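Just so it is clear, A, B, C, D, E and F label the chains in written order, and each chain counts residues from 1 on its own.
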Amino acid sequence: MIKLGFLSAILEDLTFEEVILFAAETGYSCVEIMCWPIGKAERRYAGVTHIDVTRLTAGRIREIRNLLDQKHVGISALGYYPNPLEADRKNAARYIAHIKKVIDAAKKLGLENVNTFVGRDHQVNVEENFKRFRKVWPGIVKHAEKRHVKIGIENCPMFFTGDEWPGGKNLASSPAIWRRMFNEIPSEHFGLNYDPSHLVWQFMDYIKPIHEFKDRIFHVHIKDAKVLRDELNDVGILATPLSFHRPKLPGLGDVDWGKFFSALTDIGYKGAACVEVEDRSYEGSLKTRKQSLIQSREYLRQFLA
Amino acid sequence: MIKLGFLSAILEDLTFEEVILFAAETGYSCVEIMCWPIGKAERRYAGVTHIDVTRLTAGRIREIRNLLDQKHVGISALGYYPNPLEADRKNAARYIAHIKKVIDAAKKLGLENVNTFVGRDHQVNVEENFKRFRKVWPGIVKHAEKRHVKIGIENCPMFFTGDEWPGGKNLASSPAIWRRMFNEIPSEHFGLNYDPSHLVWQFMDYIKPIHEFKDRIFHVHIKDAKVLRDELNDVGILATPLSFHRPKLPGLGDVDWGKFFSALTDIGYKGAACVEVEDRSYEGSLKTRKQSLIQSREYLRQFLA
Amino acid sequence: MIKLGFLSAILEDLTFEEVILFAAETGYSCVEIMCWPIGKAERRYAGVTHIDVTRLTAGRIREIRNLLDQKHVGISALGYYPNPLEADRKNAARYIAHIKKVIDAAKKLGLENVNTFVGRDHQVNVEENFKRFRKVWPGIVKHAEKRHVKIGIENCPMFFTGDEWPGGKNLASSPAIWRRMFNEIPSEHFGLNYDPSHLVWQFMDYIKPIHEFKDRIFHVHIKDAKVLRDELNDVGILATPLSFHRPKLPGLGDVDWGKFFSALTDIGYKGAACVEVEDRSYEGSLKTRKQSLIQSREYLRQFLA
Amino acid sequence: MIKLGFLSAILEDLTFEEVILFAAETGYSCVEIMCWPIGKAERRYAGVTHIDVTRLTAGRIREIRNLLDQKHVGISALGYYPNPLEADRKNAARYIAHIKKVIDAAKKLGLENVNTFVGRDHQVNVEENFKRFRKVWPGIVKHAEKRHVKIGIENCPMFFTGDEWPGGKNLASSPAIWRRMFNEIPSEHFGLNYDPSHLVWQFMDYIKPIHEFKDRIFHVHIKDAKVLRDELNDVGILATPLSFHRPKLPGLGDVDWGKFFSALTDIGYKGAACVEVEDRSYEGSLKTRKQSLIQSREYLRQFLA
Amino acid sequence: MIKLGFLSAILEDLTFEEVILFAAETGYSCVEIMCWPIGKAERRYAGVTHIDVTRLTAGRIREIRNLLDQKHVGISALGYYPNPLEADRKNAARYIAHIKKVIDAAKKLGLENVNTFVGRDHQVNVEENFKRFRKVWPGIVKHAEKRHVKIGIENCPMFFTGDEWPGGKNLASSPAIWRRMFNEIPSEHFGLNYDPSHLVWQFMDYIKPIHEFKDRIFHVHIKDAKVLRDELNDVGILATPLSFHRPKLPGLGDVDWGKFFSALTDIGYKGAACVEVEDRSYEGSLKTRKQSLIQSREYLRQFLA
Amino acid sequence: MIKLGFLSAILEDLTFEEVILFAAETGYSCVEIMCWPIGKAERRYAGVTHIDVTRLTAGRIREIRNLLDQKHVGISALGYYPNPLEADRKNAARYIAHIKKVIDAAKKLGLENVNTFVGRDHQVNVEENFKRFRKVWPGIVKHAEKRHVKIGIENCPMFFTGDEWPGGKNLASSPAIWRRMFNEIPSEHFGLNYDPSHLVWQFMDYIKPIHEFKDRIFHVHIKDAKVLRDELNDVGILATPLSFHRPKLPGLGDVDWGKFFSALTDIGYKGAACVEVEDRSYEGSLKTRKQSLIQSREYLRQFLA
């Protein structure tokens, strides 16, 4: 059965222990735990550290495992979403090194999944980025393979406003590119962290790829999005994406979740599906953010009881 | 967060105390309490008195407040829905006087919302009715302003069968008219009690007005409605409205509630959303009417947990 | 085969002879000839007299017939569209008398069709109007029966702006009413002059009635109409009809003419289908009005070659 | 109110007692109990015996009744779905005899409903099958009438793969045929066990028949189905049905359940609605089959609380 | 450019010479000429002999060629549509022999296209029919190859009423089967005579196969069809096809001809597109049948000028 | 009435005289004449010179006018579509100088319309481009104003493949930008050459802007386009535009031309509507290019007779 979880990023003001307790109380069976390096967030929803992978002592590991066992909550994946293909090579090297540490941490914790981005130099084209990709990614994937960890690349284009214009900061935005990525690196440890919401505003079918990439879907994000028709009619798709769409909680956007979970059950998906809250209507306070997870749980109960 | 409630009218055979207990038991956080004058109902769903505003002693007020505190249930609004623009001036004067008493009662109870109709002389046109409106309504609104009470006009055309033909008994049926009403009386205490079901059978977009009138939505009614296609094809829109549509419980009609609550969260609506049961399939007995509220609660949980 | 024609009203500045010549030149095979009494028009598109039925001498009849034979153009029907159920009984009597004269004229000219309205007192309801209907119409239909003339009632609600509010000036607006009319007067000489455009803005199926009333469709009007979505969303269906829809030339509105003519061929309809131009974009001058008929001819050629 | 249940067939590895306990624990208020003769299953989902109608002693009846009373779970119907019109007359006779035993058992248990198929010789046409029907079914219906038991014929065409090609093994697949069946045998004890999913892949309206056959709907099955567009575009409707559609849990297919239950409430249906699980994605183990019933319960709560 | 033509079958009462003259006069640039053996028609639209291939003397060939040259009308193909896989082997052998004669005739006339059916024993399944196919068809195709003639198999399922139940009399009804046919016999002289109308009532995409089978489309039939929704809702797709759909002239059915010709131009199709009239509304007389071709010409002018 | 024309670019191998003769013969009433400087084409469809504005002697002007008068064909506009905001300032200066010469030529020829692009440095964002726009365009518009010539900016984003990535070579791609352009330069001589096809693949409403910009639509291009759904689902809208859409002749794409011309008649548009052929299926030879204009003429006859 599919396991319902959420991303810990939305509860950044809680400790790891408090996050797990909240999951247990509200009926979630797993959590994707954010593992950014300690430091300042580079952008919204980033920079959250619920497990500090640089200080994962045997004692800490035991504490974590005990809590999870006791509360019957799992860790669906460790998550860290930087831009390992950033133009600034020094930064990129730092990100890559930390991704490897997150992979190491997953192994130590007995986990199988790490989620991240492939990244992109947003100012150069796909071709140029694939040149970088071919240099950067085989090493990371090999690192993961050796540790039996699966890397799930989220399919978010990381293109929101003028800051990421024109290419977005994550290459892995479409089936055509995924196909190429997996041809370049045909490892069974390299796959997708599949989120249908990013396909909605690209006007793409978000059901068909579930079938084509069924062996590559390692993890699922549950975010909804709605296209703003009036705004779109005004600015068109050449405008920056947030000017014509808005992320929403599941059930409040354009994704047909019945069809989505129907397809996941068709392919026999048994992994985690984690709610990712990026709906500004629910971000006013810790209380409303918690509420957004409770409501999402209620909404999803009809498909994932 | 939006607060889920219901209208007390459907539980007319219960006392105020029983209504509040029922809300508490079934997980509703507020109730819109009917405050008709004691007497015979003039039409279906009217004439219910759960609080008698003419006998609101300090003692009664204390009782009411204690019960609400104790049960963690609020009063979303006091409701009274007469026709203050009725052709018969004597009746109209009586209604207006009672509206003012309901406003006074709200203030005494520490409440901010009173819901009602602007009314309409259904036999004369919009222009003529606005002449009456300009005489009648500034006084009522002023009365409310002084008491810091907000008047929410429900957008029901009050046009069902031949009795209200041709104009219906409530002018406030469309955005074009709301716009004019609020231009005439630009008070911040004069707004809408927004119910999408009335727009469904008028073949109107019920999402866009949420954005245009976001500062005027003081209260929300949750009623669904379905257009009866075969009947409509037979009689057309010039027939009386109930001959081509039917009110239903939320989820059993044509309203897309996901889109509806998505829009309410977009505008940051934090008020009450109260289920209004007018589905004859559930009106057989007190038991089925209670059941209809329980089922509505279950349906709405996915959007309003 | 269905015969393509137009209504002569749009060419009011031409004589009968000029109208027939225009039809012959532009490839129309028939014309519905307007037969209002000589005098001032009471409303837009009314008051046109291409044949003066009060002066139809044997000589004039011979002239008319010769011209038609020579030009291979037929008269699909004589048309006169007053309100025989108008509240003012004197006016109504005048209209009824003239309808009978038009019927007489049809017989004299060897024609089978006269088109008109049943009329309506727009200020009283359907029930009251049927009382008048039962007094007025049996006599007219009997008059037609004796002369082997078929009366085609156009299904236009005659409701456009506030002037016809609330009921419109022609009762025969929906299948439910047609059914009742034909039950009251079950004569084979009493039927419909069917125009799909009036059903479009009433949000009704305009294909199904073609099957149900196949034996009652004596004549067809080809007018298109489009619902103005934005305006409708603003004012709703309770507003006057022209505030949310606009009559257009065939092909420029919401009627699916392929489906329409497909249904007419299914029932084996062999009568006339006459273009009725009421599209203000083409009413600037005689030249543009002629142009609108030429363009409609081009549009319809694909379905009625 | 409509009573929510499930078909016991999916829990074939449990005893009757365990099935009832499971229903009680998971919030179902009734169960349709499978009553196949003891022996090997002839096809998927068949051959389950939760009550052995050939051994229904007074003691066993008492046990069953006590358990139901104690657990507040009802038996919505006894179910047995063979092919009583099978070409092999010996087999058919055996099926018919057992249907009568199931009817007897229903009476003994104080139940009113037995569900089954009319059957069909899949290799001959509708006309030929009606000849058999007229010989076979009047006797069965009379048997039921005498015992005040209602026979609900499920509307499944029993056509899945090449084995049932070309006609399927159950005649009762469409309104046209139901109408004829009920004309042939106009007994009030002969009706439908209505399942919308079978109409979905036949591209039929599954709402309208609810109104036409409102007095014949004795029982309801809740199964969903989705049309596989790509597969359909490849093979067309002349291919065997499972090659272009797939049965799914409620909410994961193409049925609009809001509209479905809305119609059931419109006709005042008060009987049982039982979930029938035939979704292969949930058939891996007893645990997942149980889970599928729990999830369906959560999904249906919004319409049947 | 695509060449517009029609099938001569609809003008069965005319001679070959009259057919070609009619084409020339009405603006068609080619005709598919029916070549049934002289004798009685076996079914509607069959049995027409505009060229008798058994008597094709050098003199007759010269006459035919001269007429075509003189009138600037081509022969798009010779057509003969029997059932070469009929269960009765003697009949089948007769059909196959005549198909070969038609191929010979094409060569003699300097033509490249012959159109026919693969046939089907309608009482056995697809698998059994493919066994026959493998015996019968390689020989025919080889015969054609040697003469440089292309065989276009029409994709009509030949399933209309109970007579062809259950399988229809032409196997070649879907892309899945075409794919298999062309795998079995991968000759460049074996392809399709593509008619979108047969895919409409099979609820299939009629655009996509144009791309997949672009090298196999040797000829195109232009027939329209409409699904009869009410009838379909009554009988479902398991009923015989003519009970829920009706063939119509182009523009009077459900085919989107703009999209259809758009796809044909995309693949660079340069062959013939021939109107096939099977619309009973136009079959009353030779005059109406001629009229149906004139109207179709007018309709198609917008896409094939 | 709207005047039907075409762009001369598609007939590049003809002389001006031959183009006008072709228009006259095929029933077009005007032509947009290409006026590129003599030289090599920079891209597909560019570089055509049917009038050399640098050599427009009084004699040549007289010749041109005589031919137009004699053939009853008008020039709808002079067209020249370079990139006046190109990064290379020298090139840009050259383009601007030539635009001014085209404006001068229009005046000399007694014409009112010149069509062009505003251009864009495709490698910098909208903001940066507007800085350039503010320097470059006021001068050009002033030049046109003085000569009473109207500049119609085509709304083509000039973004097809990787060459124009990421921004496209013409800023004027959306209503939001048009609004801003016209605010910056509020001259009545600065407007649009409106082409709906460019809005289709940007997923924008192409009807609404007709109303908002009704005073700015100086000229209209008639090109169709279709979105390639499968390709889009594969690559998404972030890919280069030609990878998911294809330009087509009118009637062979996704534009609803009935609605389009309906809106143009609503606003009372009286200018030219010129067919722009960029459908590769028709570009094989001069003959097929001519044919594409003849077919477009036939298609448009139904809306523009």
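FYI, a residue touches a chain if its C-beta (ideal position, glycine included) is under 8 Å from a C-beta of that chain, and two chains touch if they have at least 3 such contacts.
Quick caveat: nothing in here was measured; it's all calculated off a predicted structure.
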{"item": "Chain of greatest Cα-centre distance to chain E", "value": "B"}
{"item": "Rotation, 0 to 180 degrees and nearest 5, that superposes chain D on copy chain F via CA atoms", "value": "180"}
{"item": "Most distant chain from chain C, judged by the mean position of its C-alpha atoms", "value": "A"}
{"item": "Distance from the mean Cα position of chain E to that of chain D, given in whole angstrom", "value": "44"}
{"item": "Between chain B and chain E, centroid-to-centroid distance (C-alpha), Å", "value": "64"}
{"item": "Chain C residues counted as touching two or more neighbouring chains", "value": "301-302"}
{"item": "Listing of all chain pairs that touch each other, if any do", "value": "A-B, A-D, A-F, B-C, B-D, C-E, C-F, D-E, E-F"}
{"item": "Parts of chain D lying in touch with chain E, wherever the complex brings them together", "value": "125, 127, 157, 159, 162, 165-168, 173-177, 199, 202-205, 208, 232-239"}
{"item": "Of chain D, residues touching chain A in the complex", "value": "226, 246, 248-249, 251-253, 279, 281-282, 288, 291, 294-295, 297-299, 301-302"}
{"item": "Chain D-touching residues of chain A, taken from the complex the two chains share", "value": "1, 258-259, 261-262, 265-266, 268, 301-305"}
